[in-house]
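There are structures below to look over.
The same subunit A turns up in both complexes below, where it pairs with subunit B and then with subunit C.
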Partner chain A sequence: MSMLHLVNKSPFEKNSLKVAISCALNKSAILMIEDGVYGAVSDAKHSDMVKTAMNKSDFYVLKEDTQARGIDESKIIDGIQLVDYAGFVELSTKYDKIQSWV
Partner chain B sequence: MKFSIQINEGPYQHQSSDTAYQFTKAALEAGHEIFRVFFYHDAVNVATRLAIPPQDDRNITKLWQELAEQHKLDLVVCIAAAQRRGLLDEAEAKRQGKDANNIATGFRISGLGQLIEAGIQADRLIVFGD
Partner chain C sequence: MATKKFMYVNRKAPYGTVYALESLEVVLIGAAFEQDVSVAFMDDGVYQLVKGQKTDGIGMKNFSPTYAALGDYEVTKIYVDKDSMKERNLSLDDLQHLVWEDEDEDYAEKNSIKLVSRDELAKILDEQDVLLNF
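Then we have the complex of A and B:
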């Protein structure tokens, strides 16, 4: 069973990204939305954790939410894919279950 | 594919009702079906017709209403969450002896069974909010 994990909290605020990463099985994906997009920023204290987790899971970040927070594409960790809402919908169809972390 | 949407947070304290709206819109544009949108907890505040947001702010109630009208969406408000927060339809106002109701057109009040059914009937249930 494949799962899409939604993370909507900043890693500076809560540990939901860490929890999602630790629960994600192989072939699962993590999509960062809302304040969760801060987890995609490179050179931050959590960046190494994300980079390591990228060996196991695919990482995506919602483009609209990065733009709304003034996060430039160049600041996003290499290998994290930017998706728009249409891409979000597509990911939701691709994975069997969707888990929203809080 | 058939989606159901659950929203848990209020429109002015959390982004969830906006994210859910954008997701629903994109899903419909991609040709998917939305089985139901369930407004739970503080998200029931989306369904009041008495809110007057500033003109330069998005009117989230109106956005949902328009989308619902266009695509015949089933917008369901949790009854227990609604009653706690003073959101009533005509029948409930009468039943509870209240002098007014405030539910916006396009929304209906019902119970948690509707959420369970939404989870069963849809291929995917997506939860927005905390």
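Then we have the complex of A and C:
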């Protein structure tokens, strides 16, 4: 079964991103929202962990939350796809289940 | 009333929780009481000062322009932790340019933000009379 993992906490504050990555099997995806979007920034503390995990899972980040936090698209790790709220809904319907790492 | 040294320590990102907004409001209220106020940003708190925040998409108030008013309230000492910036791939250029006008020097514009090491921050914390944490 395919799963969409939602991460809404900063990787500096909680281990949600790390746990999501560790539980993500093939055919799964990780969507970063709210403070979770800080995990999508390149050359930061958790970037290597994310880049390695991208070999296995698809990564998405919610555009509205990156814009709110002043994160320019150029600062987002190459290969992470930006989605808007409509894209969020689409992803929610595409995967069998959603696991939210609150 | 004797003046006390007040420091507000900010360690949370701006929109995921209400801490950052609450802190900013308390800093501005506190500044009206003419105390010696300084503000520190460390850990995820450094994200509060990142420039270019646009919150239309998430339907929340963008309170980041308010930081620019701190100088007018004579909050002129803003300390930002260097280590926290580095591990987030942030540089001074990524932050708002916050200034204050020094009336003793013909209202010369001066930078409010000072990047400090963890050791320097520890000493500054130690000098305070009152610490308020957000």
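Here is the rule we go by: the second predicted complex is superposed on the first by the 102 of 102 C-alpha atoms of A that agree within 3 Å, B and C clash if a C-alpha of one lies under 4 Å from a C-alpha of the other, contacts with A are read in each partner's own complex, and residues count from 1 in each chain.
In this text, contacts are C-beta pairs under 8 Å (C-beta built on N, C-alpha and C of every residue); 3 or more make two chains touch, one makes a residue touch a chain.
As the structure is a computational prediction, the values presented were derived from the model and not from experiment.
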| item | value |
| --- | --- |
| Fit or clash - subunit C, subunit B, common subunit A | fit |
| First (subunit B), second (subunit C), both or neither touched by A:86 | first |
| First (subunit B), second (subunit C), both or neither touched by A:64 | both |
| Touched partner set for A:52, first subunit B, second subunit C, both or neither | neither |
| Which of subunit B and subunit C A:102 touches, first, second, both or neither | first |
| Geometry of the superposed three-chain model: angle at subunit A (Cα centres of subunit B and subunit C, steps of 10 degrees) | 80 |
| Contacts of A:2 with subunit B and subunit C, given as first, second, both or neither | neither |
| Touched partner set for A:15, first subunit B, second subunit C, both or neither | neither |
| Partner touching more residues of subunit A, whether subunit B or subunit C | C |
| Least C-alpha distance (whole Å) that remains between subunit C and subunit B when both complexes are overlaid | 5 |
| Common ground on subunit A, meaning residues reached by subunit C in one complex and by subunit B in the other | 8, 34-35, 64-65, 84-85 |
| Residues on subunit A engaged by subunit C in the complex (per definition of touch) | 8-10, 12-13, 34-35, 38, 41-45, 47, 63-65, 67-72, 75, 84-85 |
| Footprint of subunit A on subunit B - complex, ascending | 1, 3, 15-16, 19, 22-23, 25-27, 29-30, 32, 123-130 |
| Residues of subunit A defined as touching subunit B within the complex | 6, 8, 33-35, 64-65, 84-86, 88-90, 92-93, 97-98, 100, 102 |
| Residue ranges of subunit C touching subunit A (in the complex, touch as defined) | 12-17, 43-44, 47, 50-58, 60, 62, 64, 87-89, 94 |
